[in-house]
Amino acid sequence: MADAEVAERLVAPPAAPVAAAGRAGTLAGELQAEATHALAQAGLQPAVTRPRRKINWLIVTGGVILALVLGLTLAAPMLAPYHPAEQRARERLQGPSRAHPMGTDRLGRDIYSRVLYGGQTSLSASSIALGVTLTIGVALGLLAGYAGGWVDGAIMRLVDVLLAFPSFILALIVAGLYGPGLLKVVLAATAVWWVSYARVTRSLVLQAKQEGYVQAARAAGARPLSIAVREVLPQILGPIVVLATLNLGRLILTLSGLSFLGMGAQPPTAEWGLMLSEGKAYFMEFQHMMVFPGLMIFVTVLGLTLLGEGLRDVLDPNGAAGRA
Amino acid sequence: MRPGASSRVDAGIGRRALGRAGVGAFGLLAGLGPRLTAAQAEVVEEELRMVTPRTFDGLDPTHGFSASRLRQVGAAEGLLRITRQGGIEPELASSYEMLDPTMWRVELRPDVTFWSGRPVDALAVVESLERARALVPFAATLLAGVQIERIDDRTLHFWSEQPIPSLPTTLAGEWLVIHNAESYGPEVNSFDLAAADLTGPFRITAFEPAVRVFLERNPTYWGVRPRTARIHLDVIPDPDARTLAALSGEAHLVQLVNPASARQIERSRTTRLVPIPADSIVSAYVNPERPQFSDVRVRQALAWAVDREELVALAHDGWSAPVPSWLGNDPNYPEARRVGYTRQDLARAAQLLDEAGWRLTAGSSVRAKDGVPLKFRLLWMLTYRPLAEVLQEQWRRIGADVEVQGSPDVAFLRARRAEGNWDAFLEGWGTFGDPAAVLSRHVGATGDINYGKLVDPVTEELLAGFVDLTDPEDRRQQALRINERHAELVPFIPLTQFLQLNAVSRRLRNYDPHFLPWVYEVHPDLWVSA
Amino acid sequence: MSALAPPALASAPGEPASGRDPRTALEVRDLTVAYPTPAGTVVALQGASFSLRRGETLALMGESGCGKSTLGRALLGLLAPPGRIERGTITLAGRRVERLSQREWQPLRGREISMLMQDPMLALNPVLPIGLQLSETVRDARGRVPPKREVRARGMALLRSVGFEDPDRVWRSYPFQLSGGMQQRAALAISLVNRPRVLVADEPTTALDVRVQAQVLDVIRKLQAELDLAVVLITHDVGVAAALATDVAVLYAGRLVELGPAQQVLATPTHPYTAGLLACLPSPSGGLPRPLGGHPPSLIEPPDRCPFIPRCARADATCQTNRFPALAKQRPGSWRRAITPSLTRSRRTRARRQRRRDP
Amino acid sequence: MLQYTARRLLITVPVLWAAFTLSFLLIRAAPGDPVDIMFGPQESGGGVEAVTKEQKDQRRRELGINQPLPVQYVAWFGRVLHGDIGTSFKSRRSVFVELQQRLPATLTLAAASFTIKVVVVVGLGILAAAKVGSIWDHLVRLFALVLIAMPSFWLGLLLLWLFAVHFQWVTVAGPATPQRVVLPAVTLGLVTAPTVMRVLRASLLAELGRAHVVFSRAKGLPEHLILWRHTLRLAMLPAVTLLGISLTYLMTGSVIIESVFSWPGVGKYVMDSIQARDYPVIQGFVLLATAITVFGNLLVDLAYGLLDPRIRLGTAGQT
């Protein structure tokens, strides 16, 4: 996935010069300072200064889209008119009709049903990948940030190496060498994707370590682990949630991309990327085979992106998730 | 007397009756139409562009599949060749005859030289065949006990202790390419263009392994001067990409396009579809060492459970035909079409499985025996994924849980097989050739395509019986007996005809598909009108 | 003698203001600037009026957030969005400019009115050499770019006149290669290269080292004389105001609370806020500065009353009930708005001392 | 600057070593023997070829894969240190030559898509930032959002269908001709553009909010000069970082695009090599990919120096 790959790199820290350039000047003009100052002087508390919060349309739109996709997917057994693997020789390669709202594929399977069930595969596989990635990444990031010293050094060197390694290629190598399959692809993705979380977590931990509440907890004699879990973790949750939401979209793109290449889901599993690759052979004749699965991926990722960006405004106003 | 030739005379016609009606018509038109009508005045395009899915392994005919790949593009020849009708005719030889059942005499054409200029004389042929015998194990099997003797510069004797009725078939076989053994050296030397020294209408001028090959008209070719000056061969493994290459007009001859895109090609104004009922069937090979398949009844049940008509319709988009028994696609054996699994019989399959102890339990759709579910993995390669998917569904109906895995790349399957890590896979093989040799390869105890290593005393006995049979009809009957035994034992499950679809530019003249398209494709008369 | 014309005498709308006095460089009448925000409209400047003639300096004083910078930016048409002029007029060299578009403003800036900003480090582009930043500014009388040689000559001359002995090196330097004082002088040269009539200097010395402040002020003074400049000096530093200003205007909560000749205002402030502002300064007599208690009020829907009441030690019932009055003429050339005009003697004395110490 | 670059270069050595080691372990731990895959009966209609065990062992000795892993590792690493990245098992040709043969196609695609990407990023990013809040800005942001969510292979197929099949404006198969590169390059350029575009817009807005922009306006500078001369340079820095990083992706990771458009680049070749367990090729490619990443970062550093004199003249390290 082009976009996923680049985005993956985006969460890498900018090289030192960027930071230098970024800090060289204050951003706000003095006038804005004056206006905001005036606002702040207005005797309004900061919380009240954000007046009746405007509805965050990003979250609402993203949420609605996702709820729809999720609803369709979860209700697949009720909504799908056919079993996703059911082959009907006489009904093969039909365009959209009343009996088959999205048409049928070369084996006479109902694309509508497969799209619905395909969501289960795509979403659950990406969610699992995300969960594992998140756990490993946050744990290692906490460890690196909190322990410091050689532990930090070792983890960060590993991160450096993995960052210098095109992640999609790594996934390809793993899937190629160990045989295709959704699980292997998920593992392969996990092997690379934890890096971004480790980085974000580590930088947030380093930041949090400087802050009063952690210093206080430490002074009070709390054990490092309990500080990490009780004090630091809740503080860094916001940016992580934002990053996770955005990454889920990218994971869906990556996994469906690998399936498209034949490395991921295997038949008869309905999976959007795999369906697209089946549609590829017929795309000149029967566009319906590639339009609908592609549309589903697109809409789902769009929903996740909208939601993630909406959440960023709320949970991560400083943009730590994108900066780390 | 020429046993091979006589037995295959009508093969072409018989074979065409097999496939769809249109298939044969296409083939004939392709072969005859343009040749008769094309005006000689038409301008010839200098370059013929060809696309093939298969890796072009190398330039040494003793390595990999190089022999057939080289022959296919007109860059190599044998002493004899197989005609379109399935007969045998001389190629580098000028004539051949049986002196007695244990001895054949072969006369060579005069004035034939390798690319290097070395004459193709009896000495060169002996060297070449001996080198093949030393380096290619199957060639060693074929030539077992055969002595090759140089009588004079243009005469050779082949003789053995035992009768060798199938020698012409052997010599015409794709693996015995005549090459300059001196130039290649004692070891396999696949990639050195300088060492390559062969014969044929075209000679290779540039070679990028697995990518492309350039050929030019061979100025010293002994036959008619090729009308095309150059051939550009691209290797494109992805079937959809090959279709695009054909439709865009970039290539004049595209081998093995996806049946899925057949309709698109048929509608094209610049390209036509040429179905070639190749001498090959796709079968599901099962691993008898796996507990699921050790019982013959399970294998039989799986064979009965296949709806081959549906397989043809769904997986091949209709471009194929059902094959009920192993020799059922071979026009030499019309009787074999009535043997074996001529229809789907789910009741019988279920009964066989029940008898074998694989039973359905309440609440489960998967059969089990001693608590172990009937579960296996079916591997696919090339364009066989839909085939695997349909089989998966058909076998699901009798309570088998089939997992499907694969890749268009043949290496995927090779790897699994090399590891011994396979339950079942799909592969296609031809049956053309001397029955004793072909059959022992597939079902003999030491046969290299006997993947499951299923050793059956009855089959062994039948195979051994070939030694005493010199009459072609007797050998045919013996082959049919082995075929029947095969249908009972089911070491692999015959499924469908392997029908090769080629996309051919309408400007390509004299394209005349051979039933062995992976051996004979390019010939001197082939040309593209500008 | 004062440059400050009473608003009552200001021209009627539409009438060229400078028709009366050709020396008048800038005239502001009843200027009101507001920022619409989600929380309400912030009135950053309310009804400010003054005028300024060439060669004179008006010091705008007040705490931060009182509208000084807003006024300064408004004079150049550079209000940051969403700020806008709600009411009033600005007359620059005889031309009404308060409603000009950015496109119309562009040729006026740099040639009629220019600006010197607080932090030269930020005001100068960090990645372009001084010479380029100077030369790209140069325009001839018709707004065209003069020949390269002429541009360079003008730039070099100006660099020399802002006190650089090695203008060639400065020309090639990047801002980060110069000290703060040098940067500010370079910025001054850039601002003045097209010989504007008016210079808005927004806290020109605040970001600088104390030692170079005087140097920069000297250069400003020198060039003011050379170019016959009118200077609007925004500052919260009484010392700076005293050093440069001919007149002083004190802003509080977006309103002019005191306006008059520098000497008078600084010596005898009439509004309590002015007095309080002066009291904030450290005194050489050893008295600790007395910070003003509290904060400026909200500027959202400001009240009619005196905005200083919540912090004013001497506010009384009159203040609470009466509208904040229009500027009242206290002495010739000076208008003050305090309802309670008299100040205690001690404060007045301190203010006087202050002036003496810091001429 | 020099020091900084030197340090970056120095770091790349362990990174390259680690990438090599990681891929070595990964590849060797995988099941499948390259010689077994190389020899053995093949697909339908294949020739006859049963290679004896002795022949296979001989081949393994030739390839040097009969020895214990640590020995192989040391030998291999030693060769790499001498600049020899090995010989393909399959073609018995130098991996370097093999990759070199496919690189032109990949480079063509990378260069074309990079150009398209830069045009899209700079054009739309500036449009959005310069007209912030306008309908143009909203359209650009919507466009970016759509592209972020767009699976590259889907976009590729849609474009292919639209322009190659429906309108028949471009050909899509055959050798890597300039005309054929259009669609894959557009696809690749578009799907990789939005992140950079957004970054450029944001940083341009940040730059336009700086004090020196106000000062430039105050001194009467025309807006176009402010945009192009005064703000774009620094605003480009984060975008340049991303562009540099994406260079790696464009050159090594376009497997999917290559597959959709059957572009004969490196990606496809490597996928085939993975299947064939052609160890030297896989490893050579990993080294190449890592080296390109490093090279991309270096380019970014150099671009920084060009764009920001503070870095070039050595005041960057302090902040």
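Letters A, B, C and D mark the chains in the order given here, with residues in each chain numbered from 1 onward.
The working rule: a residue touches a chain if its C-beta (ideal position, glycine included) is under 8 Å from a C-beta of that chain, and two chains touch if they have at least 3 such contacts.
Bear in mind that the values here come from a model prediction, so they are computed numbers and not experimental data.
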item: Chains touching both subunit A and subunit B; value: D
item: Pair sharing more residue contacts (C-beta pairs) when C-D is set against A-D; value: A-D
item: Distance-maximising chain from subunit A - centres being C-alpha averages; value: C
item: Centroid distance [mean C-alpha coordinates] between subunit C and subunit A, Å; value: 52
item: Between subunit C and subunit D, centroid-to-centroid distance (C-alpha), Å; value: 55
item: Centre-of-Cα separation between subunit D and subunit A, whole angstrom; value: 21
item: Centre-of-Cα separation between subunit D and subunit B, whole angstrom; value: 41
item: Residues of subunit B touching at least two other chains; value: 240, 247, 407, 412, 416
item: Residue numbers of subunit A (touch at least two other chains); value: 24-26, 29-32, 280, 284
item: For subunit D, residues contacting two or more additional chains; value: 31-32, 210-212, 214, 234, 259, 271, 275, 277, 308, 310
item: Residues of subunit D touching subunit B in the complex; value: 31-33, 36-52, 88, 90-93, 101-102, 164, 171-175, 259, 262, 264, 268, 271-272, 275-277
item: Contacting residues of subunit D [partner subunit C, same complex]; value: 210-212, 214-223, 225, 229-230, 233-234, 307-310, 313, 315
item: Touch list for subunit B against partner subunit D, complex; value: 54, 64-68, 136-139, 173-175, 190-191, 208-211, 234, 236-238, 240-241, 244-251, 278-280, 282, 381-382, 407, 409-412, 414-419, 421, 427-430, 441, 448-449, 498, 516-519
item: Parts of subunit C lying in touch with subunit D, wherever the complex brings them together; value: 73, 76, 78, 102, 106-111, 114-115, 117, 119, 122-129, 136-137, 139, 174, 176-177, 187, 190-191, 193-194, 200
item: Residues on subunit A engaged by subunit D in the complex (per definition of touch); value: 1-3, 5-7, 9-10, 12, 14-32, 157-158, 160-161, 163-166, 168-169, 172-174, 176-178, 249, 253, 256-257, 260-261, 273, 276, 279-280, 283-284, 287, 290, 294, 297-302, 304-306
